[in-house]
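Below, each structure is written out as structure tokens.
Paired with subunit B in one complex and with subunit C in the other, subunit A is shared by the two complexes that follow.
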Partner chain A sequence: MAETATPTDERVKEMSRLRLALMRPELGGMVGAVAVFTFFLLFAFDSGMFASQGIMNWTVVSAQFMIIAVGACLLMIAGEFDLSVGSMIGFAGMMIAVFGVVLAWPMWIAILITFAICVAIGALNGYIVIRTGLPSFIVTLAFLFILRGFTIYIPQTIERKTIIGGIREAAEGDWLAPIFGGKILTGFFQWLGDIGVLETFSRGSREGQPVVDGIPMLIVWALILVAFGHILLTRTRFGNWIYASGGDAEAARNSGVPVNRVKIAMFMFTAFCATVFALCQVMEFGSAGADRGLLKEFEAIIAVVIGGALLTGGYGSVIGAALGALIFGVVQQGLFFAGVESSLFRVFLGVILLGAVILNTYIRRMITGER
Partner chain B sequence: MNTRSDHAPIVQMKNIEKHFGPVIALAGVSVDVYPGECHCLLGDNGAGKSTFIKTMSGVHKPTKGEILFEGRPMNFSTPRDAMDAGIATVHQHLAMIPLMSVARNFFMGNEPTKKIAGISFFDREFADRVTMEEMRKMGINLRGPDQAVGTLSGGERQTVAISRAVYFGAKVLILDEPTSALGVRQTSNVLATIDKVRKQGVAVVFITHNVRHALAVGDRFTVLNRGQTLGTAQRGQITPDELQDMMAGGQELATLEGSLGGTV
Partner chain C sequence: MKKLMTSLAVGAAIISAPVAATAGAHEELNYVLVSHAPDSDTWWNTIKNGIALAGEQVGVNVEYRNPPTGDIADMARIIEQAAASSPDGIITTLADFDVLSGPISAAVDQGIDVIIMNTGTPEQAREVGALMYVGQPEYDAGFAAGLRAKGEGVTKFLCVNHAIQQPTVGERCRGYADGLGIDLGDAMMDSGTDPAEIKNKVMAYLSANEDVDGILTLGPVSADPTIAALDEMGLAGDIHFGTFDLGEEIVKAIKGGTIKWGIDQQPFLQAYLPVVILANWDRYGVLPGNNINSGPGFVTAAGLEKVEAFAGEYR
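Then we have the complex of A and B:
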């Protein structure tokens, strides 16, 4: 008979499209994003949240979350955590201030040295985890305190204060600093303002300028890092190694995957992302504060989990993590626009985290066919 | 006994000793493995089977003794070295990653790449096509190359792992208890896979403590007991009962023989 030409196993049921769609790690993030936008379009449309300034407001906040979520996502898929991300943000900002303002080195040197130090600390995190076999949770928890301690101690000792300002002035005319603190498409936005698409200031010193005058580099970094992370994970052999290292390190080693190298590289990448975050922040604020980046490590992890990654590693998506970050940013700023008490944001966080983890567990069972 | 003199052994393990601190795991074991044969390594738990194959595959360095691979002395410092030389190990549990797709598992550590604009990318099209082809050859029908390994049965996973090793040019295939956790039908699938692979000229080292599984596909049988070998037997020169006796050291099992009726 003709049917026997392609033998099929009668026990393998055809999967419905819905079931296949459910198996995508991004699903939770997509559904969440749609739900969140629908909610705020219905309840906060008149609040200015969806006017140009409002959009820029939550886009910037979301982009901040995205930058650290990309690093946390790849690291989590590789099977490790980094709880020192928040402290690293504070520490990196303080290093910029110390090198660029206190020591008055050229800003580009300060930036490069800060990157070198922070990525090296990331490598040290990874090295200790690999060599001792301790859970990365504990090792990076230690660094959460170590780095935060230095971030408070260093400015106290040299400047007798916990905030060092003057970064914007020190970065004036530098060739590297605008890559973190600048804006692009300013001409285009001016033009949009001139033709009336964008609102413009009607008085004051900025009269005639559009209320949104360009895309901050922070957003550009977020998009670049998301695209880079997504392509690295899904389209390169290193990406396959990331999945394998987190899925089952022993099996990956047996197949010749350099698991240790992959994990250390991901710790370094996470530190890199935290440093990018810190740089964009200090360039925007013009100062470095000892309390910057508090709790960011958890926010990054939550964004990643909302995005469908498994806390146990081996499964997840950068796009999902980016959607998780978007949900995060929209809700945090949206509640503000909607006039809801801001402390309720934490309640929302807890609820959505719990929901996401339960959903992910269910999805994992479907993928692996466990019951 | 000279049936094998026409071709040389691919792996010779000579008087291998392995000590872990005060524990002597292997006390002078010698085994020759020939291309195209299924060499069964039998032994009860703790007999030293795992240590022996880990020595062969480069995980452990022997304390004493010599390993010849294709006639040349070999000093593998990592499993990667052994793998590059053509010795592949399929581990009982640690072969596949359940959350990853079959295609990603198949090419894990050996990902094909193609260059686009000077950057090398994972060639997923090639990986998917080859995976589907190889799986069809082994009689596994996948829903698609992106089906997760977690959805396959234990026997199918072993088969994927075996065909992966063969696809990547394994000359010696070490199977660490591939059938110990499997049902009857899955076991027969794996044994059939072993037979297919052997006919392609690959040397198979089949570790098991199940005499019936060993006799079903084995060409030669080496029994390990307490870190020592009790010699190698050819197919047809030994009965299941004798093998069973040797594995158990010929003592405890004799008294059980009556009640069990040769079923173990």
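Then we have the complex of A and C:
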């Protein structure tokens, strides 16, 4: 009777490799990504979506989502929300404009101070949540309004307008700014253009240059942040703390996890990601506007949820969030390419997003057997 | 890597094939209009209807796109996306020159014809390499209003400016003064946007300057309280009163005789004309030699019927 060896402890239960693979939170994201690409390859292949420029377009948009999704993902796994991400993007961009253009400080100082201010606001968000015990939903909703208000008030008061330009000129020659606004591999892309692999501009001052002339730092940042978040979450003790804090904060505290510190650190990281987003944006476009980043907090959350994370915390993956961001970016831009009527576009977007999340949840329930 | 490059090359070849085909005359033409307006801005419905009507009449495909929240950075991505889908032409606004000039110039350099509409200036349109600008240059509109007001006997005026932070709107006052041939001086009032404040400021100004015989307001925000101020002072109809833009109160006041005329920038034309112009440019290579002023269109009591009939649709 002893030979049948029914495992007495479920933690050491043997599971098949397939089942293990299916249990990964990013599975839904992978299935979704494959489905979305198949869909657009079928319906929008000859629309320019898969030409160099088209690929760059949806890659950049997806990378934007990825940057804020990584922060939102880790925070959500730690059991909290940040609804102030969108306002933080507008605020951070405006700070750069105020310090770098209006006050004409060197751009690298403006960038570092902006990082300091924004990460400090993130810490304040976290501190208030921890100290008051209020849901982060409410606290960060308050900051959504507070930061947006300042983003409109400050330039209005100083400059009597709500868009401040001239950032590109102010950043010229700076050593830190290209890390956000620059492009890499430009020589390689020029070469691709020269040998005819990439299309080149047919007229104007950029004649002969390839239509896609390099990888924007925005994409590099997205990849770095995804890699950083993934390693942090899966390979470090701190990563385990994040899961534990979101899963059951009380149990985590009892086993010695510094839950408060973990959560505040994640609020700061979310703010950091939002600031990176803002910096890449103002460096590329050269102006900061009071309306930048509207609704981006929801886009970050949507990407994370498509990527398989639970809204209740304790479960999720950064790779999944990155895939969610990719799906969201590809769907959003792809629907344009597929020629969907613009007022119906958001209907499709909503349906596809809902479908992705339902599929995801269904797969997870089926595999893990949870109810 | 080689495999990737080959597949990219194959992809590019497949994609460029239908584009090359459309270069011939009488093929299907595709135009995209990209606006800066958020979904909530209903004013742009006229624009949507305008391009749809033009597309139908001329026989081309038109599409309307906008950033849902009005985020100009998102708009730049939409322009890049539109360029990547290789349409025959792009019609767009220059809501923020810093942000949009890059993507628009890139589209032009790629061989796509661009027309700037609504927001922007003829100079900026030239700078990004657009074919032309279709809109209402603020100074010119003000100047035309001034000329007309001069003919109607205005000698001293007040310009009620509710958006002093927007330099382009102030141009309307400057143009009006120049059209009248009067120095602007302190005739431009920074009224703020609070209706009660505007009303009291206008009443105070008119009491202090009894020789004022003309008023210009720059939109419904300043026009509506000014109407109330004139009513209260018993000057409605006595003072020559013109305004920019139309609105419910303004239309009522034009009907009632308080307002002489409203200046319509005629958004319909800003949408309709670029489509027609691009289509004829692509088909026959003909292009008007100048920028087009879609306004000022003067709406008087006589022309109200059509305005009311098509309000929100084409007007």
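Just so it is clear, the second predicted complex is superposed on the first by the 321 of 371 C-alpha atoms of A that agree within 3 Å, B and C clash if a C-alpha of one lies under 4 Å from a C-alpha of the other, contacts with A are read in each partner's own complex, and residues count from 1 in each chain.
Rule of thumb we're sticking to: a contact is a pair of C-beta atoms (placed from the backbone, for glycine too) under 8 Å apart; a residue touches a chain by one contact, two chains touch by 3 or more.
These figures come from a predicted structure and were not determined experimentally.
When the two complexes are overlaid on their common chain A, residue A:236 makes contact with subunit B while staying clear of subunit C.
Of the two partner chains, subunit B is the only one touched by A:314; subunit C is not. When the two complexes are overlaid on their common chain A, residue A:364 makes contact with subunit B while staying clear of subunit C.
Contacts of A:199 after superposition: subunit C is touched, whereas subunit B is not reached. When the two structures are aligned on the shared chain, A:247 is found in touch with subunit B, with no touch to subunit C.
In the superposition on chain A, A:293 makes contact with subunit C only, not with subunit B. When the two complexes are superposed, the chain touching more residues of subunit A, out of subunit B and subunit C, is C. Using the contact criterion defined above for the overlaid structures, shared-chain residue A:256 touches subunit B, although it does not reach subunit C.
Those residues of subunit A whose C-beta lies close enough to touch subunit C in the complex are 45-54, 56-58, 60-61, 156, 160-161, 163, 165-168, 192, 196-199, 201-207, 211, 281, 285-287, 289, 291-295, 333, 336-337, 339, 342, 346. Considering their complex, residues 5, 8-9, 11-12, 14-16, 18-19, 63-66, 68-73, 76-78, 80-86, 96-99, 102, 105-106, 108-111, 129, 164-166 of subunit C touch subunit A.
Residue ranges of subunit B in contact with subunit A, taken from their complex: 79-80, 83, 89, 91, 94-100, 104, 107-111, 113, 120-122, 124, 141, 143, 148, 150-151. Put simply, subunit A touches subunit B in their complex at residues 7-9, 12, 15, 234-237, 239-241, 243-244, 247-248, 250-257, 310, 314-315, 364, 367-370.
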